[in-house]
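So, here come the structures, one by one.
Two complexes follow with subunit A in common, the first pairing it with subunit B and the second with subunit C.
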Partner chain A sequence: MGQTTVVDVNDLSRSFGSKRALDGVSFHATAGQVYGLVGANGAGKTTLIKHLLGLLRAATGSVRVFGLDPVRDPVGVLGRVGYLSEERELPEWMRIDELMAYTHAFHPTWDVTYARELIDTFALDPAKKIKDLSKGMRAQAGLVAAVAHRPALLILDEPSSGLDAVVRRDILDAIVRTVADDGRTVIFSSHLLEEVERMSDHVTLIHNGRVTLSGPLDEVRRGYQRSRVRFAEHFEQPPVLVGALAMEGGGRTWSVVHSGSLEQFHHSLLAFGGEVVDSRDATLEEIFLARAGRTRQPVEAV
Partner chain B sequence: MDITINLTDGVPIYRQIVNQVKYLVASGLLLPGEELPPIRTLALQLKVTPNTIVKAYGELEISGVVHKRRGSGTFVSDARPQLALRERRRIIEQRIDALLAEAHQLNFSGDDILRMLHERKAAMDAGTDEEPAEVKKK
Partner chain C sequence: MRSPVVAMLWENWRLIRAEAAWRLSLSIVGGLAAFVVVAAAAPNQATRDFSASVALFVLISLNFMVWVAIAKLKGGRLMDGYRPGFPLYLLYTRPLRTTVLVAVPMVSQAALGAAVYLVSALVLRLTLDYPFPLLSVAAPIAAAHLAYNAADWATRSKAVQWLASTAAIGTLGAIAARRWQGWPTFFDFSSTDYAFMAAMSVASFGVTVAGVARQRHGSAPAATPRVAVGGFPDWLVDRFQFRCPTSSATRAQVWFDLRSSGLPVLTLGVGLAIVIPLVFVATTQLDLVLSRFITQPATRLVAVVVAVFSVPTVLILLAGNAFGIRAKQGRTYASAFEATQACGTARMAGLKVLVRSVCLLGALLAVGTSIWTSASVIPFDVLGDNDTLIEKSRAPLSGWMRAIRSGVGAMSADEVLMLAFVTCTLVAVMVAWRAADAALRARYQRRQRIAGSVLLLYALVLGLLAVAGERGIGPEIPLGAILEATKWIAAVAMVLATGYLSWNVFEERLLTLRQASSAILFSAAFGMAWVTVLGATGVSLAGMPTTDAAWMRSPALLPLLVSLLAPWSLSRVRHT
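Up next is the complex of A and B:
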């Protein structure tokens, strides 16, 4: 497994007007791994990605891709990057085959056979104009343009957004091939946590412009449990339990996502006359919702 | 290879693959000497990152379930009999744990469950005796 650093972002901050879009974000990617970025809309994922592509200049902090500054050396960076965004900005007036020739011209490593194979697989008509394509076909055409030069780094910004299951599967396949074929690197953002859990080796949660959770998927998940608990009496508001991040339910039965010492959790549960019905490892979705404060949250226990 | 990934019960994906391959071997659905799918193929089939398959195969190799042959692939080892008992136990124990948790929630004691288990077993055994007669009636 390679330890080559592909992306190195340190202490990156960015404001748009009075809004702090990124606040001290650090993010690192090594070769041959898949990185999932998650967070609510407007959390800062796209702003981070735009810095990687050199579309935004780092005001505070530093951004390096392949050891280069993407703003100062766009050719050195973008030549080795494949990019597909949610908007899928493609030249509307081009035909698919023209788009392929156009993209080919920018990328000496373009693999004609691979591009043709993908276009066949997706059953795209090369003579069709981009503006006449359905949403799914646009995504497929954009995907071919993003991967056919076999980029060292593939960046996908909400690639599955608004797409049906078939095209979503095509995108996941492209991620697998990128990594499996010769150990290249993928960074993708998604609000579909199931996709992230399946496809990511590392996950990074961005919340209000800050990285609130980041690491190898198994490590991020380790230490979070979801327990169903039952109390002797009814509670209107969830009682404050040690280590509890989020509680859902009502009355005597609550579902708790918790981390930290199990012993302390059980101890504080006992103090409220409660007991654990069952426990299991929390899913990524449960962890992220709890960390992003989406569920009813008890006041932080000391 | 027949593997299903379930993302609702919190079990890491590589562990689900390890468990299911062990089960396939323990139950004789994968035979000693049989080749497991290449990493890329299984990753595409399951829609998971290839590194998860690498991790699962690595763990299976450490526990002696499979072995790698240089330049070819990953093959099921001959260690089935010893594995079978341990894995069979583990699979059943998981089910028992789930049953006990559910029972506890529904206010059944351990003794209640033992009694019900015997009753169900008796009913099922009787059922297997009766079944052929019922089939004949049709």
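Up next is the complex of A and C:
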């Protein structure tokens, strides 16, 4: 079955002053999938999302959403997109019911019953003003406004921020799953790796403005192993092993996150007089930390 | 940093240095310019003394009350905008005694305010060889800074802040007025006056420490500034509650703009329209009461000033920022909420300008009607006085009313309609222009500042040349030719800007063919109306040289220019 491309970003770069926010980013999303954008603060996740919404113009490269340029055709793109911003920026003077009515007017597909259901689920008071809402309630109101018109593409920038654990796990996950199951697309950014692992079909890791890893979650996870290795001799610095991305530990026992050929990894391990104690698929967090260079990198053994 | 105090002083300096430099430059340039312009009027000692007084006024006004928030510690928006969060309450968690916490910013602000004045006065002393006062002005400036900060930081209540600062500044102003001596002494403060200022400063400090201490320990709400600027206050927005239509995006957008900015503008206009006759009645009655004690009417001037300045004030204050550009912590930006609505940029810009213009016109109509009725119905001459000041102050008001009455009376019904059309369109042009200006300022702040400064400088130089030429000062300058060239540069710039914007707008597909055609048709209609109004007011284009006639017709291009500029500028902040 041919998959419909919803988002098509090619070789996108963007700088803010001397800071390179995005550097040759390519990103593609197809219908009916949930895409998780992962990265440290300032990695470029929000910048990428803003390009998808047309809030930023592509300086170089191209951005197409539903085959349209979001800057040139905001109505064509934004009419089919639901968006929850990281800052939860909503008009302070509006009441929740007014926010719903206002958003409804822009989207003929608005589902009044679904909106009411969600408002009830979140226990929001429709007569309450946005400015009087807590951060979490504001996120909830923004989320209802973003999903109640059943958008073809739902973009959530750090949706968990401000939501308590119950809402995050039960409601947010359910909403995202419902959207995806209806054949629509969800792109969300998060720094909560466990959440991305739970909700996404695809994961894209952005680091320093570059996509360092992207693919279906299962594939990504299968491609990385975390092994505990033991050496015959003591190492002050982690030895260079084929396929090793990051090593932690010291002395004779090390934990290694590695990818690529297992055979080559074992061969290089043997060359240093080491052996694998145990091995398993790496978690997304371990992959992220290894890819983002947040753990000790292997160096030439002295 | 050697100590917390040094660290805080460094922090204050980093925050205020740019603005201090601006203020110092403005004081020196403004003071010198004011002196030169006024002194050029007549080459005698009395005029020179008067021009020195004007220069001193410029210096004082640039460093006195309205500028007291120099360090932005109150979170005000001045000169270079809202500084990254630095209201005093953010310092409350620092491991410092409240006295130190308050003393460092308070004293450094007051000292800097006084220092900026002192340096600019010294420069003017040296360059103009006039004895501009030093301590006698610097002392009240410092005292005013301290009092104003006390009002701002000791309480959160805006009413108390306003009353307290007005009382403090009023007291200092009253003392200064009583001690005014004219040149060369200016203010002859006694030691008692200085002692009073010192006591006021100490009291300000004490009040602030007490207020901040209460806030630090949760006994009083923290005096926090507004976190974002860009909209009308809640009490105005909340005046009108009506349902948002869901039948179309256009109606919803109109509802949004009416609620968030249109109706607040109209409310303010109507409020002012109600106040104006009350001021007329109150001042007239007050003068009647005061006539038992003083021979001259004292308060009627207030009514005249209110009447004369109401319309320009409404235009200046309420026509701006129709796109709702927000300012927060030094950053100006378009609301992401609005930017991500499924609405075309041209439609969004058009609706915002339209709603604001209609409401502004309503406000202007209310204020204008109120002034007209008040000035016509409420008697001015109840005292039968012949006070020249009052008569003079009334002259512009009654003169304008006569001119309008006779001008409009001489027109045919069609011409009146055309005049109304031209007036309404020009108001909309102004709204669109200022909206675009705010948007472009948010997007290209530095470039716009440079362009604005260059234009201001150019205008200042032209003004100075005009005065100098009139008085025969300096070498002969072909001012007429320069003005003529300026006129043509402006006309060519307008044409080029229209061409450039047309290209961009079509290249970016901001306007549809229908929207562009409507803009062209509307501009053509405005052009015809403009020429009709010119004819009705006695301007004969036929008798003019071709170039002058073309120049007189050039405003006809304005509607087209702004109908391109408005969506283009909004697009620049919507898609950065």
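By definition in this document, the second predicted complex is superposed on the first by the 285 of 302 C-alpha atoms of A that agree within 3 Å, B and C clash if a C-alpha of one lies under 4 Å from a C-alpha of the other, contacts with A are read in each partner's own complex, and residues count from 1 in each chain.
Note that a residue touches a chain if its C-beta (ideal position, glycine included) is under 8 Å from a C-beta of that chain, and two chains touch if they have at least 3 such contacts.
Just so it is clear, the structure is predicted and the values come from calculations on it, not from any experiment.
Upon superposition of the two complexes on subunit A, no clash is found between subunit B and subunit C, which fit side by side. In the superposition on chain A, contact of A:R177 is made with subunit B only, not with subunit C.
By the touch criterion defined above, A:R169 lies against subunit B but remains apart from subunit C after alignment on the C-alpha atoms of chain A. Within the superposed three-chain model, A:T283 lies in touch with subunit B and out of touch with subunit C [touch as defined at top].
When the two complexes are overlaid on their common chain A, residue A:Y83 makes contact with subunit C while staying clear of subunit B. In the superposed model, A:R226 lies in contact with subunit B only, and not with subunit C. Taking the Cα centre of subunit A as vertex, the centres of subunit B and subunit C in the superposed model span 150°, given to the nearest 10.
Once the two complexes are laid over each other on the shared chain, residue contacts for A:Y102 go to subunit C alone; subunit B is not touched. Look at A:H267: by the touch rule set out above, it reaches neither subunit B nor subunit C.
Once the two complexes are overlaid on the shared chain, A:K135 sits clear of subunit B and of subunit C alike.
For the pair subunit B and subunit C, the minimum alpha-carbon spacing after aligning on chain A is 26 Å.
Annotation: subunit A has no residue touching subunit B in one complex and subunit C in the other.
Taken together, the subunit A residues at the contact with subunit C in this complex read 53-57, 71-75, 78-79, 81, 83, 85, 87, 89-93, 98, 101-102, 104-107, 110, 131. Every residue of subunit B that touches subunit A in the complex is listed here, in rising order: 5, 7-14, 39-40, 43-44, 46-52, 101, 104-105.
For subunit C in complex with subunit A, the residues that touch the partner chain are 231, 234, 237-238, 243-249, 251-253, 255-256, 259-260, 335-337, 339-345, 508-509, 574-576. The residues of subunit A lying in touch with subunit B in their complex are 32-34, 169, 172-173, 175-177, 179-181, 194, 197-201, 217-218, 221, 226, 228, 230, 277-278, 280-284, 286.
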